[in-house]
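Two complexes follow with subunit A in common, the first pairing it with subunit B and the second with subunit C.
Right after this comes the complex of A and B.
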């Protein structure tokens, strides 16, 4: 049981929050530099203002709440939840100053969508946006996909506090014995893929006659939003802008890599490629992709709008991969989904979004490992019921190492699955409340909660403010997988109640 | 009076006939009534956006009309007519594209596109000046000063707390 929070808990939380805000301010110097290089003076000033504001407020918190103490679990969890809200707020400031958003709420939505690697957008006139603002949108995806806390771990947080905040950010597995080493490994993998992915995308763009500067810009941004399964793109049409199967293959591969557990990456990188074949989560993932593609195919049997099977495969399989990895890149318009996708095919996409990618990856959603544990739990129960009473039933999986499944594993998996399912449906009902049909409302709700970013057209600058707030909360809770958000709620309530 | 009414009616008829003959449709209409226009000759007007991208011997350019976009396939000769495409600080040329609209193009693996056979530049694009707001410059100076004060001159109260609350 979590003990009551006291006002003594506030000081260390706000102290570390101050450090995180300063870190965000420092990261904003990257778009400042880009603004200077590309002679975007007005955007550069906006980023200087935002960066200085972060550093000033962060320092104010450090001065007001001094003392680098080790965090306990409840403080660590609350810090994580608050950090994401603070990042959303401060990350939104340059976006709002850009003039591309109708309101500060829209900027907050965009900022949370980026940090939570969702990819739903409320931007106006993206095609005329300055490089530095546009880069910031994608850079936020990269920071958020790696994990705001993970970024901080490598910079600020030390000692026993590190693991508590690491877990709070929906990552339960330590790839290496030391959590700081784990954070550094995740950075190492991501930066290596950054170089490889950017070079591939750059070469595709160059080959297509795009100027070197813009090719590099497109490549870096597409990588950051692809690898971190965010789904923002540099142009309004998203991936459709490129009209290029090569770009689609490259971004699909990147998002698949991003949606694989970092533990599997580690195994492969350390000379254990057999993990790819043996890993239980990956096996379930492949079965799920194939099964849901079969569902989409069945959906299109009665109504087939495509001119041939290759066109159908290109559009539908890309959408499926986009949904199942949570990247949210789209090679069709929202209007196309509404008008030409049968309900059964849309359900296939909704299931794919809801299930999400691997645990301890950059993907969102329920996570495949939990689905696998749930299935194993069902199998175990059936075996218990059909075996002699004296029989001892044991279920095992191979996930990085051989694991005997305990009831505790299954219980936690089921709790999280139910929380996600309730949030998906709850958000869908809110969409209906605001006047949208149920299927698009459910689609959008699942997309927001599972941090995917595919849209059937509901998400737009003109949508009701109330629904924007609902989706912001869903993106936040979905990214942090609920628990640390619940701890923060308890913290806030216990501060209000007189004790 | 009657002659005036007749001449107005005549002009309206002539103009509407011209409009009909040119098949000018908004890109939004191409989305909403896609099946009706699929495979037919259409004319759209919009801003050329982003990059002109090579695809074998042809090129792609995206055309924006309000919140709606469409990919246009061009040959090299038509591509050379477009000198400005919309991006930051650049207003793209407003172009009139005539060609065949495909809801799911067989040649381009299911893309929604227009295969252009004629392009007309209605308004040449060009650079746009973006002015720096002086109020933002002042704000950044004030924030820079505030940051320096916080970093180098922390409030006294905190100094006391750092020393276990004891006053010197």
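Right after this comes the complex of A and C.
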């Protein structure tokens, strides 16, 4: 139960928010450097302006609301929700200045899509975008995928406040005893794969005849958006631009690894490789991937639009991996999905997007662990009904360690599953309200809420503004898994009518 | 000094082994999916 907010809660929230905005301003110096290296002076100036604005507003908040106090739960949760809105706003400024967006709302959409690692885009003329703007789009994915708060944890937030904001950002598991150490380990895993992934993608691009500079740029951007399951690409045709099976294998591999729980990475990297086989969540994940792929394949038995087996496997499995890990990379066009994919195959993709990746990973969606808990809960109920009344029924799973499932675990899992399902359907109904057919509207709604980024063509600069706002809210709520957003709403209401 | 070196060597060995094993796991998933896909392709050919 979260107690009532008071006006005294405002000061610490805005103090830490100021720090986070300054942090964002500092991160904007990276595209400034890229702009200078690539001699893109106008973009560099845009980033300098945006960075200075962030630092000025952040410092204003620090001076107006001084005092570094330890945050309580409600303040921590509200800070997380507000941080994501602030990041969306300030991240959108350089995008808007680039002139590649029709309105500031479109820039806000792009910014939220990047931070929430969705990958739905409203950019115009992406193929001619300056390197620094394009890098910023992908860099926002990396910051958001790691977690804005996680980035801040390693820099600014200390003490007991750290765990409260960490949990608020939809991560519950402490991989290591200390939350700062956990944050550093997550960075260590990501940076290790940043090096491995970038080298692999760089070499593939070099062998395909792309110049070294462009190869490196594409490799870094593809890695950042792939590992953090965002799905932005440097070209308007997304992964289809490369027409390369090697790039598709590499990005699919990275996104699968990105959608694995960081706790599993820790176990495997510290001499417990059997965790890959024993982990309950990972087992359910593999079964889900293969089961949903079988469903998609059955859909294609009824209607087969591919010329041969290889093309069938390449297109259909890549889309499924992209949907299930939440990466949103696509090697087919939205038109292809609408025109050639049978409804059963599309349903398979919708389910895959909705379920998402592992908990405590960079993926979005309901999360496989919750589905696993829900299944275990069902099994437990059936066992209770079919056993003698005196029997004590206990269900266990192995997830990093052996866990006995309590009713509380199942209750929380079911609540979050229902919240996601309601948001998926609600967004779909909003799409229908704006005049789109239900299946594409549901597809787009699930893609936005589960932070996937696959599109059936609804998301475009010409879509209604109201629907853009709906998708922004869905991306925000989906990324934070609802609870901290609800706490922020309660905070706002309490300020309006203090008790 | 030597003890420290051996300790770091062990950690690095575990780390490299862990990454290698992790890189293999997606390929096993791809292989299983390729088999499912092949079976459905056979069904498509039979249906034709």
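The working rule: the second predicted complex is superposed on the first by the 498 of 499 C-alpha atoms of A that agree within 3 Å, B and C clash if a C-alpha of one lies under 4 Å from a C-alpha of the other, contacts with A are read in each partner's own complex, and residues count from 1 in each chain.
Definition applied: contacts are C-beta pairs under 8 Å (C-beta built on N, C-alpha and C of every residue); 3 or more make two chains touch, one makes a residue touch a chain.
As the structure is a prediction and not an experimental result, all values here were calculated from the model.
> Which of the two partners, first being subunit B and second being subunit C, lies in contact with A:265: first, second, both, or neither?
Second partner only.
> Based on the superposed arrangement, let me know which partner A:40 touches: subunit B (first), subunit C (second), both, or neither?
In the superposed model, A:40 contacts subunit B only, not subunit C.
> In the superposed arrangement, does A:235 touch subunit B (first), subunit C (second), both or neither?
A:235 sits against subunit B, while subunit C stays out of touch.
> Classify the contacts of A:301 with the two partner chains as first (subunit B alone), second (subunit C alone), both, or neither.
second
> Go through the superposed model and pick first if A:336 touches only subunit B, second if only subunit C, both, or neither.
first
> In the superposed arrangement, which partner chain does A:312 touch: subunit B (first), subunit C (second), both, or neither?
The answer is both, since A:312 touches subunit B and subunit C.
> If you stack the two complexes on chain A, which partner ends up touching A:56: first (subunit B), second (subunit C), both, or neither?
The answer is first: A:56 touches subunit B but not subunit C.
> Counting residues of subunit A in contact, which comes out ahead: subunit B or subunit C?
B
> Output the subunit A positions appearing in both contact lists, the one against subunit B and the one against subunit C.
312
> Which positions of subunit C touch subunit A when the two form their complex?
14-15, 17-19, 21-23, 25-27, 29-30, 32-34, 36-41, 43-44, 47
> Which subunit B residues qualify as touching subunit A in the complex?
Touch residues, subunit B against subunit A: 31, 34, 49-55, 59-60, 62, 64, 69, 71, 86-90, 103-106, 108-113, 130-133, 136-137, 139-140, 143-144, 146-147, 150-151, 154-155, 158, 161-162.
> Spell out the part of subunit A that touches subunit B in their complex, as residue ranges.
Of all residues in subunit A, those touching subunit B are 40-42, 45-46, 48-49, 52-53, 55-56, 59-60, 63-64, 66-67, 97, 127-131, 207-211, 214, 235-237, 240-245, 305-308, 310-312, 314-315, 333, 335-336, 339.
> Touching residues of subunit A toward subunit C in the complex: what are they?
192, 196, 249, 252-253, 256-257, 260, 265, 268-271, 273, 276, 286, 289-290, 293-294, 297-298, 300-301, 304, 309, 312-313, 316-317, 320
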